[in-house]
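What follows is chain A paired twice: with chain B in the first complex and chain C in the second.
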Partner chain A sequence: MIRTFLHKLLQLVPVLLIVSFLTLALLELVPGDPSISILGADAPAAEYERVREQLGLDQPLLERYGNWLSDAVSGDLGDSAVRPGVSVWSLIASRLPVTLQITVMALGLALLVSIPVGVAAAARVGSRFDRGVGTVTSGLISIPQFVAGLLIVQLFVFNPDVPRIGTAVLLWFVALTLLVNWCRRFVSDREGGAGSVFVGCLVLGLGLLAFFWWPSFPRQGFSRLTGDDGLAENLRTTFLPALTVAMSEIAVFTRLLRSDMISTLQEDYILAANAQGKPLWRILFRDALRPSSFSLMTVAGVSLGRLIGGTVIVETIFNLPGMGRLIIQEGVIVNDFPIVQGGVLVIALFYVVLNALVDISYAALDPRIRRGVV
Partner chain B sequence: MPLLTRGFAVASSEKRPNTWLGALLFVLGALSVWVGSDLLEREGGLLRIGLVSMGLGAIYVGLDRTMWRIRGHRVAVDFWLSVAWLAVIGLAAVFADWLPFAESRDASKSFSAPVASRPDLFSSHPLGTDTFGLDLLGGVVYGARLSLQISFGAVIIGLVLGGMLGMLAGYFRGVTDEVLGVLTNSMLAIPPLIFLIALMVAIEPSVLNLSIALAFLGIPTYVRLARANTLVFRQKEFVVAAKSTGARHGRVLIREILPNVLLPLVSYAFIVVAVLIVAEGSLSFLGLSIPRPEPTWGNMISAGANDLRRTPHLVFVPGIVMFITVFALNRVGDHARQKWDPRESRV
Partner chain C sequence: MKRKYSTRRRLLAVAVGASLVVASCGGDDGESSSSDEPATSAPQATEAPSEETMAPAEPEAAEGCESTVAGSELNIGVYVPTGSLDPLRTSGALVGGTDIAAIYDVLMRWDEASGEWVPHLAESLESNSDYTEWTLTLREGVTYANGDPMLAEHVLANMNRLLGPGANASRGLIARVDLENSTVVDDRTVTFKLFSPWVEFAYLLGDAAGMVVNPSLGDAKDASDVSLISTDPNGAGAGPYLVDKFAPGESPYLVLKARDDYWGGPVCIETVNMVYITSDQPKLEALDLGELDLAFLRTANVIADARSSGQYSEAFFLQSAGEVILINNGVGTHTPVTADKRFRQAVNLAIDSSVISERAFGGELLESKAFIDERSTYYSGVAGTSADPDAARALVDELKAEGWDGSIRFNCRDTNANLPVAIVASLEAVGMTVEATITDQNSSIGAVIQKDFDMACWGWNISDSALYRQIGFNFRSDSPSNRIGYGNPDMDAAIDEMFAAPDREARTNAIAKMSEIFNEDVPSVIYAAVEEGYAISDRVAGIVPTQQTVLLLGDAYLVS
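Now for the complex of A and B:
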C-alpha cells in the first residue's frame, strides 16, 4: 500500500516539471515581456534593457527555468514582475479559496442532484422518468458553459419568478408522487414504506421553502466567507457560479451512476435481497449504491481537478476574483510571467495530486483491488 | 412497470400508436410554434417562449409516433433530426455567400435595418438584428462557417498527429509508451482554457492558427484512444501472422493495424468536434478568437451579454444554435461510437 502510494507520488514529479517548463516556453512565445508593462510603450531602449536585467530576463531560457525551479522547490514562487514586492504566493493565497469554494460547491451540488436522480432512473429502467432523465442529461451536456451562465443570469437574476415557481412546482410534483405511492400500499401490498412518507413530507417542505423564501441572487460580485457579511452572503454570491459549473457535471454523473447501477441491480445478491422483502430504498441505497459508485468517485475526483483550472468563464461572467482571472488578467495579458507560472503550477499540482488520490482510493474502496484479485 | 427489471424494458412492448393522433400532434405543435413566434408579437416574451417550446415538443412527439406507425418499429427521430440539422447547417455554411441574407458583417451597410429587432420568422430578419442592425441569421450562418472550419481543421490535425503517436505507443510499448504517457499526462494537466488563452495572446487569431491551437487539446485524447485501440489489436492473430511472415513494423502498423484503428478514431471525431466548438466559442466569448467584423457564435454572444436584460435574443439566438449543433454532434457521435468502436460494441 505505502509502496504504491510512493510510486504514484514519484510519477507526479516529471509531469509537474514538464508542465512548468511548457508554461515558461509558452510565455516565451507571447510578444512583449514585463518590462513593457512596467515602463509603458515608449521608454528609451536602455531602460528596457535595465529592467529586463533586473528581472533576470536576459538569461537564457534554461537558466531562468533552473533558477525558478530551485526557488519553487523550496516553496518560493517569487515576486510579481509588474508589481514589485508583491509575492506570487500572497496573490494565489487570496484567489485560490474563491476558485476552490466554487468548484467544491459545484461538485457537491452535482452529487446531491445526480445520486438520487441516477439511482431512481436505474431502479425504473425504461420508464417514462428514466427516458426523461436521459433526454434532459444529454441536453445539459450540450449547453456550453458560457451560454449556461448567461441563461442562469437571465432566469435567476432578471426573472426570479421563473426558477422560484418552477422549483416549487417540481418539488411539489415529486412530493405528490411519493405520497400517492405511499397511499397505494392500502390497495396493493408492495411499494412505498414509511420512508417515502418521510421523504415526501421533506420534499413538500422544501417546495414551500423555495416558494416563500426564495433568495435573490446578485448579478456579480463576491463576498468572502471571512468577510463582515458571513456565510449567508457568501453562499448567496457563490450559488449561481457553482450552479453554472455544476450543470454539465450533473448530467455526466447521473448518466454514469445510472448505467453502473443498472448492472449492479442485475446481480444475484440484489435479487436475494429483493426476495427477502427488504424495502426498496434500502436495497437501492444500502446494498447497491456503494458497489455502483466506483466510476462515479473516479470521475468526480478527476472533475474536481479539471474544474479548478476551468473556472475562467464563470469568473468572467460573475466577476469573481478567482485563479482563472488572476492568471489571465494579471498574468498573461500584462506579461507577468511569475504569476502565470506560479498559478499554472498550483492548478496542475491540484490536478495531478487529485488524480493520484483517486487511483489510490480505488484500493481503499474496493477490497478486491487491495488484495490484487482484479 | 416492474421494479428492478432485468435489462431494458424495450419500447416494442408498448402498443403501436395511431397515425392520425401523431399527425394531429405534429400539426398542433406547428400551429403553436407559429402562433408563439409570429401572431402574438405584442404579448410577453415568456408566453411566446412557452408556446414555442411546447409546440416543438409536440412536433417531436408527433413525428416520433407517426414514424413509428409508418415504419412499424421505433425510429430514432432525435438521431435523424440531428443528422438533418448538421446537414442544413453544413450546407448553409458552405453556400453562405450565395444565400439571400441581409447584411450581417459590415455595420456601414446596415443603416436602414431596424436595430435590435426581436426574432420574427416571417420578416426579412427571421432571427432579429443586433444593436448595429446586423442580421442575426446571417451572422449565425457565417459563424457556423468559421466554427466548423476551425474545429474540423483542428480535429483533422489532432487525429493525424495524435493517432500516429498513440499507435506508436500502443504498438511498441516500453520506453516509447512511457515517454508518450508522461507527455500526454502533462498536456492534460495544463488547464486547457488557460493554455489556449496564453497561446492566443501569442499568435494572430486566424482560422489556421486557431485550428492548430485547438488541435493541441485534441491530441492527448487521440493519443490515448489510438493507444487503447492499438492494444486491442496488436496481439490479434492477423498481426502475429503478418509479423511472422517477416513484415516490417511500418508495414504492420499501416497495413494491419491502421485500418482497424481508424474507424473508432473517426467515430470519436464528432464528439471531439463538439468539444472544440465549445472551446472555440469560449475563446471567442473572452475576445481572443476571430474578432469582429467577422461574426462567430462566441463573439456574438459576448456582444449580446452586455445588455442581457433588455435584448436577451442577442445572446440566446446564437446560443441556441450552438447548443443544437453541439447536441446534434454528440448524438451522432454516440451513434457512430456504438457502431464503430470495438471496445464499445463488445460490451
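Now for the complex of A and C:
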C-alpha cells in the first residue's frame, strides 16, 4: 500500500510541471494588463510601461516560466503582482482552509444524506419512495449551483420559518415512525426494537431543537474557526455555502449508491443472509453497503479535488474568502498571474494526492484487493 | 400493506399538526426564534423590509459621545477594496477613498450642502486676489497616530512624495503647483504658489495631497522596495482610525480601530469593518438584514430599490457624463473616420438615452446627453443633442459616399450584457457595421490606454466636487489623461477660465462655454449621468460625505 502511495506521488512531478506551464501559457491568452489593475485608468502612459517592466511582463514566456519555476522549487511562489509585498503563499495559506472547510462540510453533508437515502431507495426499488428519490435527485442535478445558492438564500435567510418548520416536521415524522414501530413490536410481544426507541427519542429531540433553536444564517460573510467568535459562529457562516455545494453532490451520490446497491442486493450471499433471518438494516448496512461503495468513494474523492477549485460561485454568492475567489477574482480577472499559477499548482497537488488516497482506500474497503487476490 | 401506508399518513399528519400547534404558541411574528446573540461579523437576520414598511420613528439619541463606545461596530460595504493603504498607490476615491481618509484624514473637505470646500484638518485656507497664492494654516495640536506632530513642511513634502513613481492620479493637478517656490512660513503655515490661477485649489487638499503622510514613515520600504505603509500605515496618518487588520480578499478586508488621541475629539465608533461584496444587489440585501450599516451602490435599479424602501438615509453623488461612448479623435490605432467630426455627430444622433435605459438599465438610467447634467448644481442650461436617427443615417451615408465602408470597432465591458447590445443596435440601425468586442473591464480600459480603439464604453464621472480634476484631466489638450486625443484651444481657454473663475456664477459661465464647445465638437457621446454613493442605515449618524463618494468617519456614531 505504501509503495502504491509513493508511486502515485511520483506522478506529481510531471503533472505539476505540465499544469504550471499550461497555466502560464493560457494566461498569456487572457486579455488584460495587470498594470491597469495596479494603476487604474488615469495614470500617464509611461507609468504603465514602468510597472510592466517591474513585473517582468516584457520578458519572453519561457524566461518568465523558468524564473518562476526556479523560485517555486525552493518554495517561493512569489508575490502578488497587483499587491506587491503580499506573498502568494500567505494568500493561499489564508484562503485554502476556507475552501477546504466548505468542501469537506459539503461532502460530509452529502454522504450523510445520500448513504441512508440511497440504501433505502435500493431496498425499496420501484416503490413510491424510490420514485420520489429519483425525481428529487434529478431536480437537484438540474439546478445550477448559482441558482441553488440564491434559492437557499431566499429560503434560509429571508424566509427562515419555512426550513425551520419543514425540518422539524420531517424529524418528528421520522421519530414518530420509529416510536410507533417499536410500540407495535412491544404490543405484539416481539423482541428487540430498543434501538428504535433510542433513535426515535434522539430524532424527536433534534426536531424540538430545530424548531426552538433554529439559528439565523447570515446573507454573507465568514467567521474563521480560529477567530474570536469560535466554532458556533464559524458553522453559522459556513452551513449555507456547504449546503449549496452539497445539493448536487447529494443527488449524484444517491443515484450512484442506489444503482450499485441494487446490483449488490441481487447477489446470492444477500439472499442467504435474508434466509438466515438477519435484520434488514444489518443486511443493508453491513453486508451490502461496503462492496457497493467503490464507485461512491471514487466519485467522492474526485469531487473533493474538483470542489477545491470549483467553489468560486458559492464563494461569490456568500462572500467567502476562498481559493475560488482568489484564483478567479483576484487572479485571472486582474491578471495577477503569480496568484493564478500558485493557486492552480496547489489545487493540482491536492488532486493528485487525493486520487492516490482514493486508490489506497480501495484496499481498505475490499480485502480481496488488500490480499492481492483480485 | 394498506394499513402500513395509512399509519404513515396518520403519523405525518400528527407531526404537521403538532408543529402548527407549537408554531401558533411560539414567538412573535416574523422574528427568528434563535436565541443566538448577534455576531460581530455577521449580525442576526431580521425581516426584510417591504415597500409598505413605515419609516422608523426618529430614535432618541445624544449626538456624538464622550468617549469611544466599547464594542461598537460599523460595517461598510465598499465599491472596490483598495490593495494598498498608501495614498501614493491608490487609484481614486472609489477605490479605498474612505479607508484612506479614515487613516490619514484630509486637510479640506467638500461640503455638499453649500457646494464649497471647507477646512477639516486645516484651520484655514486663504488666497491672494488672483488665486495664484494660497496660504494654508494647520490646526494646533494635530498629531499623527504615533504622536509625532503634523507640521506645515509635511504638507509640502507630501505633495513632493506624490510626484514620485507610483499610481496617484493627483500628480497632474500637483503639477500646477510651483513647489520649488512654495514656502513654509512657520510650523503651522505654508504658502503655495501656483503657476496659474486656480480658484478651487482646495480640491487638491481634499484629495490624496491632503492626506498627509508622516514623512518619518512614508519613505520606509521593505526588501521588495515596497512602501511599508502600503500594508501597515499605523503612525503615518493623522486620521481617527488605526489599522487593526488589513487582509485584501478577506471579509472584512480592513478592520479599523478608533484612536484615543484624535484631534477631532472622541471617536465614537470603536471598530469599522470594510467589507467587499461583489455586486450591489447582495450588498443591499446585507444592508436590509443589518449585516451592513452602509452600502456603496452604483446600479440604478438597486439605488431605486433602496430609495423605495424608505429605510435609509443616503449620501449619493451625481456624476455628469457617467456613461459615455468614448470615441478616438485621432490617436494611436483607429479607423480614420473616427477623426471626422461628422462621424462623431452621427453616433451622437444615433444614440437615444431612453432606449439604452429601457434595454440595458431597466428604465432606471439617469438619461442625459448634456456635458454637465441638469441635476448638477453647475448645470449651465446647455442641454445635450437629442437623438435623430434620420440625421445620423444621412451623415453615415455621406461618409460612405466618401469611401468609408461603414465598419467600426467598439469595445465594451462585460458587466452589463445588455449595454453593448443596445448600443450596437442603435448604431447599426443608422447604417454602421459594428465589430463589438466585449471583455472584462481591465481589458476594455487597456484598449483605451494603449490607444487601440475606435469606440469604447467609458465614464468621465464629473462630480460637482471634482470638476477641475475630471474636466482638466480629460479635456485639456496637453493632459496625459486625455485618452482620445481631443484638442481645441477654445476648450483649453474655457478650462483655464473655470480654474480662474472667482465665484460660482463665473464658474457656471465657463462651464456653459465648455458645454457649447462640447456639443459642437462632439469629442465623444454622453448618454447618461450616474449616481453613486452610500445607502446608510438609520442606526448610524454623523457620517460626513466629502468629495467623490469619500466619507469621513471621525464624527460618526451609532444611534441607540
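The rule is simple: the second predicted complex is superposed on the first by the 329 of 374 C-alpha atoms of A that agree within 3 Å, B and C clash if a C-alpha of one lies under 4 Å from a C-alpha of the other, contacts with A are read in each partner's own complex, and residues count from 1 in each chain.
Rule of thumb we're sticking to: a contact is a pair of C-beta atoms (placed from the backbone, for glycine too) under 8 Å apart; a residue touches a chain by one contact, two chains touch by 3 or more.
Please read these numbers as outputs of a predicted model, since none were measured by experiment.
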Combined model on chain A where chain B meets chain C, clash or fit: clash
First, second, both or neither for A:A123, with chain B first and chain C second: first
Partner chain(s) touched by A:I360 [first = chain B, second = chain C, both, neither]: neither
Partner chain in contact with A:L29 - chain B first, chain C second, else both or neither: first
A:R95 touches, of chain B and chain C: first, second, both or neither? second
Touched partner set for A:M297, first chain B, second chain C, both or neither: neither
Touched partner set for A:I141, first chain B, second chain C, both or neither: first
First, second, both or neither for A:D229, with chain B first and chain C second: second
First (chain B), second (chain C), both or neither touched by A:F158: both
First, second, both or neither for A:T316, with chain B first and chain C second: both
Touching both chain B and chain C, residues of chain A: 31, 153, 158, 316-317, 333
Chain A residues within the chain B interface of the complex: 11, 14-16, 18-19, 22-23, 26-27, 29-31, 123-127, 138-139, 141-147, 150-151, 153-154, 158-159, 162, 265-266, 270-271, 274, 280, 283, 306, 308-310, 312-313, 316-317, 324, 327-328, 332-333, 340, 344, 347-348, 351-352
Residues of chain C that touch chain A when the two form their complex: 7-8, 11-12, 14-16, 18-19, 22-23, 32-36, 39-45, 48, 83-84, 89, 91-92, 95, 165-167, 169, 171, 222, 224, 226, 230-231, 247-251, 275-278, 282, 285-286, 289, 291, 439-440, 442-443, 445-446, 448-449, 473, 480-481
Of chain A, residues touching chain C in the complex: 31-33, 36-45, 47-48, 50, 79, 82-86, 91, 94-95, 153, 157-158, 160-161, 164-165, 168-169, 172-173, 176-177, 180, 211-223, 227-229, 232-233, 236-237, 316-317, 319-321, 325-326, 329-330, 333-335
Residue ranges of chain B in contact with chain A within the complex: 1, 3-11, 46, 182-183, 185-195, 197-199, 201-203, 274, 278, 281-282, 285-286, 298, 301, 305, 308-309, 312, 315-316, 319, 322-323, 326-327, 330-331
